[in-house]
Amino acid sequence: MEGLATLWASTGIANFHWQQLIMITVGFLLLYLAISKKFEPLLLLPIGFGAVLTNIPVAGFSDEGGLLYYAYHIGIDTGVFPLLIFMGVGAMTDFGALIANPKMLLLGAAAQTGIFATLFGAILLNLIPGFNFTLADASAIAIIGGADGPTAIFLASRLAPDLLGAIAVAAYSYMALVPIIQPPIMKALTTKEERKIVMEQLRPVSAKEKMIFPLMVLGITLLFLPEATPLVGMFCLGNLMRECGVVDRLSKTAQNELINVITIFLGLAVGSKLSADKFLTVETLGILALGAVAFGIGTACGVLMAKLMSKLSGGKINPLIGAAGVSAVPMAARVVNKVGLEANPHNFLLMHAMGPNVAGVLGSAVAAGILLALVGG
Amino acid sequence: MEGLATLWASTGIANFHWQQLIMITVGFLLLYLAISKKFEPLLLLPIGFGAVLTNIPVAGFSDEGGLLYYAYHIGIDTGVFPLLIFMGVGAMTDFGALIANPKMLLLGAAAQTGIFATLFGAILLNLIPGFNFTLADASAIAIIGGADGPTAIFLASRLAPDLLGAIAVAAYSYMALVPIIQPPIMKALTTKEERKIVMEQLRPVSAKEKMIFPLMVLGITLLFLPEATPLVGMFCLGNLMRECGVVDRLSKTAQNELINVITIFLGLAVGSKLSADKFLTVETLGILALGAVAFGIGTACGVLMAKLMSKLSGGKINPLIGAAGVSAVPMAARVVNKVGLEANPHNFLLMHAMGPNVAGVLGSAVAAGILLALVGG
Amino acid sequence: MEGLATLWASTGIANFHWQQLIMITVGFLLLYLAISKKFEPLLLLPIGFGAVLTNIPVAGFSDEGGLLYYAYHIGIDTGVFPLLIFMGVGAMTDFGALIANPKMLLLGAAAQTGIFATLFGAILLNLIPGFNFTLADASAIAIIGGADGPTAIFLASRLAPDLLGAIAVAAYSYMALVPIIQPPIMKALTTKEERKIVMEQLRPVSAKEKMIFPLMVLGITLLFLPEATPLVGMFCLGNLMRECGVVDRLSKTAQNELINVITIFLGLAVGSKLSADKFLTVETLGILALGAVAFGIGTACGVLMAKLMSKLSGGKINPLIGAAGVSAVPMAARVVNKVGLEANPHNFLLMHAMGPNVAGVLGSAVAAGILLALVGG
Amino acid sequence: MENNIGPVLLEAANLLLVGMVVVFAFLGILIFLVKLMSSLVGGDSPAPSATNSNQAARRPAPAKQDDVKVKAAISAAIHQYRQDNK
Amino acid sequence: MENNIGPVLLEAANLLLVGMVVVFAFLGILIFLVKLMSSLVGGDSPAPSATNSNQAARRPAPAKQDDVKVKAAISAAIHQYRQDNK
Amino acid sequence: MENNIGPVLLEAANLLLVGMVVVFAFLGILIFLVKLMSSLVGGDSPAPSATNSNQAARRPAPAKQDDVKVKAAISAAIHQYRQDNK
């Protein structure tokens, strides 16, 4: 029965390297977080599954000709998948709250300090032996602070493909952890009185304003920051399809079936970068640490900017909403609402936090464009 | 702050050529027509957006590795996108009215005169200095007279890829303008008495007839005009899935999610051909003029043929329905209905016009096959 | 009018080889079986249509640059389409009945005897002059006995691409013929008393068990048979998405729009392998004969194993359910139910037969992994 | 330029002629075939009532048979659910 | 290692500065433009009733016009069906 | 030909044997693991009522949490709409 011997020689048991076993465990851990802890399950489930598959010996999922090889090279190497996800997210996003109160854009800007400060921090980390981040690596890591999955994956695929797996996992994990990371920072930087501030109701926004908004964003992006137009442009296309009212069937497909299909393959493809040699490094630890720092700084700067605006406006702005400027839509806005309710049970901040929340998406896409223009290429 | 200088050097402002600005304006104009004027928005919106994106400097949407580069080369260069759209349109088309009254196919044939006469006209235009259309160019332009978007894009991608952008824009624009172009011609060629003719009700058509029809069309196409089988074959596949009653889930996907996804990318890819060097030429003016001529001749010949058939049938056919033979489904059939109602408020011609209308789709696909066989390859 | 002559020279009539006409007839026959006889129409309709298209002269559907060429090389040559179908089938499959009664896995194992016995039979067939099956050919043919379409297509694309068309047609045809093939064998091997056995109701299965099950299957596959992980892994991904409860939108897309789109192209691509030189051979006759043998042996072994288990359990198991072990989900389970009702009008075996039925899917995927490991590569 | 245009103009005229002949021939054949088909499958001016019962008999059947896998999965799920909640 | 980090650290500091300046400038311009746009298209604090009638007038129209092909196909199908069942 | 078939026939017989052994072994291990799993997660013959409350408690929760983005967008839209129409 030579067959049995041949078969034994091709079993996983006979071919495993211990690093693959660890990475498969990491994959199952991600599945656990996605399913039991509800950590951004739409992406962490396929990522976790992809991590398991890519580390199976003999099967060759990520070798040339394997399923994950195609998913990665067709979808991520080209940048196509994150851009299509961004189009779908654009088709899901309602900019009404932001148009009603455009000053909220400043909070979306302030929270991006988390990105650029972390970039500086990543370079500083090179002082510790074992770390050796280039400026491109540091930029890709820093974008975790943008709290926006497709932006992070797009930038990482451009600037530091080897770190893509760790960066994506960190970005989605911290986005899922927003309810744990943000509240202490928000409370530390605000007084109870500030947290109690009730904001006045937003004015209604007309359909026409909502329709012109994405065109305007596209317009100034192509004038001032064309490097950001892939991300911003596809986002605006999705939003225009949503708001123009004449292509509803395209808009619905973009925010449902299309984004679902792409999400499955994007997740699997990201997971395929979680191989032992890329992930089981000291750099991954650095990325996880820097990601947490980035989220913290972004939250803090958002809150501080909101505090400043609150002062200048004579107390009309609740500084908590600054925390939503990191994006992490809509989790961060809900956290703002929850912390606000703790201070004042009749204070519903959700709609007010949606403004900075969607501003943060634009903010990090702009930051990504700046990094591409100055570091990429 | 050298960074600011580098960033400035990469802004759109510092990199624009004036032609790109004009083409971006053209893109926004198409968006305006699509949204405010409801000019075939499902296609002109993505085409307009693609035209804006492709003309953004630095961003490189249509350079190798850019999103529109992939959309064009994967979807249009291969012919895949228009064929899949055609499959979806087939799955949406009800041939009942045509099967009940197959003589209507003659109207769908007559209206194709617009195509072949325009081909002759395009060659004549070479007499004017500045024009230099080859026979392939002329054929691709003439197909605008087929009043069928995917057929025009498919043929243009095969015979004159450089003219694809202008041809597609002209085709969809004139299809949107059918309610303006057709009525004067229809009224000029018919008497008020003729327009008042009430047609007898169509017989019911059985499910079996509807199911056999696409197979029969496929059969004679493969026997007599195999060059037309990509277009006609995919159309018949969609129609067979619709009518056979045993693959409803495939039919529904083909006429909804699949066609929606492809429409987005087809539009963007067509838009990517609206670059300054290809579009800002005197040839574009010629294409626009010839397109209008093609629609006019097609409409006129359809009406005249219907008039002849009306005479021969002893006044049982309303000559207005000949105008629907150009296709432009279902706009042309509705225009027929509207003009008929003006002459006789109790005369509903919609169902009678659906016959020549869908016949026109087959007619232009057949014409495209003839052009591919005689001019292409 | 040289044009007419050129056109005539490009007609199908002037270019047909008689073999192409036969293959087109075969294609129409498949369409007839799919539509009128409801033989697995979701796949046989596109396969039949693809067979017609690929045999049209001049059109070049399967030549480089043709639509079916792309469908085959992108979807089947890479293995991507059958794997995605398998993901969708996983998202449609409820393992509840199997988890409630895991011993049913033995029936899913026994029925795979059909595969391995047929492999032996295919080699024996080489004794007849004209047949010349390699071990790889024989393995690809034998998998027809797995009664599972995507598994058969995946394995054939790996081991014997030239036989793919005949193997896929045989697999789907016999799956459609299960209600005719199985009952005589089932009745011959069981007594009327045995067929009357009423099985006790299955225990309820918790959501958690259903969620862990696909992870467990993935786990032992990657440990013991990594060559089977492409098939089993994608199946488990689909099933995990279904059962985990946190990614319902991905699961719904996987089992609806995504699987529908892939089914259309998979069918067309398989049909494109039905060319005269590959199909009109004596080997196709051999494949059809062997396929019937494989189904018969699989059914018989499943029933015999169920009979043994019935004896050992003291008559608690109705031996009919063994026939469902060949998979052919859910047709085989319904046949079991029907034959059971004939013997005892109050005996509903459907749920009891679902256990061996889904076990058979796993069984044939495992068998495919074994063949890939020992014969492939 | 103008003297070069002669032959290609002739070719265009030829295309105009051949094209229209073939389009009419093609769709003309189709007219004949559709009529033939309608008379063969009994669809030519059927008694309305016959058609109705015909359709009533034909249409629901495919709908019922279509997509048996999904149906079976659903019925299995319902069955399971009922058992779970008994 | 540590003495090599100087220039890249400087570059990172420069990026931090330039990046934040540009982000604020970009979104600041957007604030200005949104306000301008809102005042131009009359969306700035409209009387609620006006907005309502406005929306009521605008929204349904696109919905009605959207996707005419599908609508026409449906209405044609209904028409045909009614004729078949008369 | 016939004398060449010997070794490959032997190999096929070997495949038949090895294949069936491994299929049975593989699915046999799975039987054992499923039983083990069911006993561990408490799914083995649970009291129906317990299962019900169990399911009632578990199922709705994921459904609620699933796809928060869409939900939030909808609720935001409703909120906005209510404000617009006040």
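In order of appearance the chains are A, B, C, D, E and F, and numbering begins at 1 in each one.
The working rule: a residue touches a chain if its C-beta (ideal position, glycine included) is under 8 Å from a C-beta of that chain, and two chains touch if they have at least 3 such contacts.
In this text, all values refer to a predicted model and were calculated from it rather than measured experimentally.
When the CA atoms of chain D are superposed on those of chain F, the rotation angle is 120 degrees to the nearest 5. Just to note, of C-D and C-F, the chains joined by more C-beta pairs in contact are C-F.
Chain B and chain C have Cα centroids lying 41 Å from one another.
Residue positions of chain D touching 2 or more other chains: 15, 18-19, 22, 48, 51, 55, 62, 65-67, 70, 84. Chain contacts: chain A has residues 3, 7, 38, 41-42, 204-205, 224-225, 244-247, 249, 257, 370, 374 touching two or more partner chains.
Considering their complex, residues 3, 6-7, 10-13, 15, 24, 28, 31, 34-35, 38, 41-42, 45-46, 49, 52-53, 56-59, 61, 65-67, 70, 256-257, 260-261, 263-264 of chain C touch chain B. Listing the residues of chain F that touch chain A in their complex gives 14-15, 17-19, 21-22, 62, 65-70, 72-73, 75-77, 79-80, 83-84.
Chain contact summary for the complex, chain B toward chain C: residues 78-80, 83, 211, 215, 218, 222-227, 229-230, 233-234, 237, 240-241, 244-247, 249-250, 252-254, 257-258, 370, 373-374.
Across the complex, chain A is touched by residues 1-2, 5, 8-9, 11-13, 15-16, 18-20, 22-24, 26-31, 33-35, 37-38, 41-46, 48, 51, 54-55, 58-59, 62-63, 65-67, 70 of chain E. Interface of chain A with chain E (complex): residues 98-99, 102-103, 105-106, 108-110, 112-113, 115-117, 119-120, 122-124, 126-127, 129, 135, 138-139, 203-209, 212-213, 216-217, 220, 224-225, 244-249, 359, 362-363, 366-367, 370-371, 374-375.
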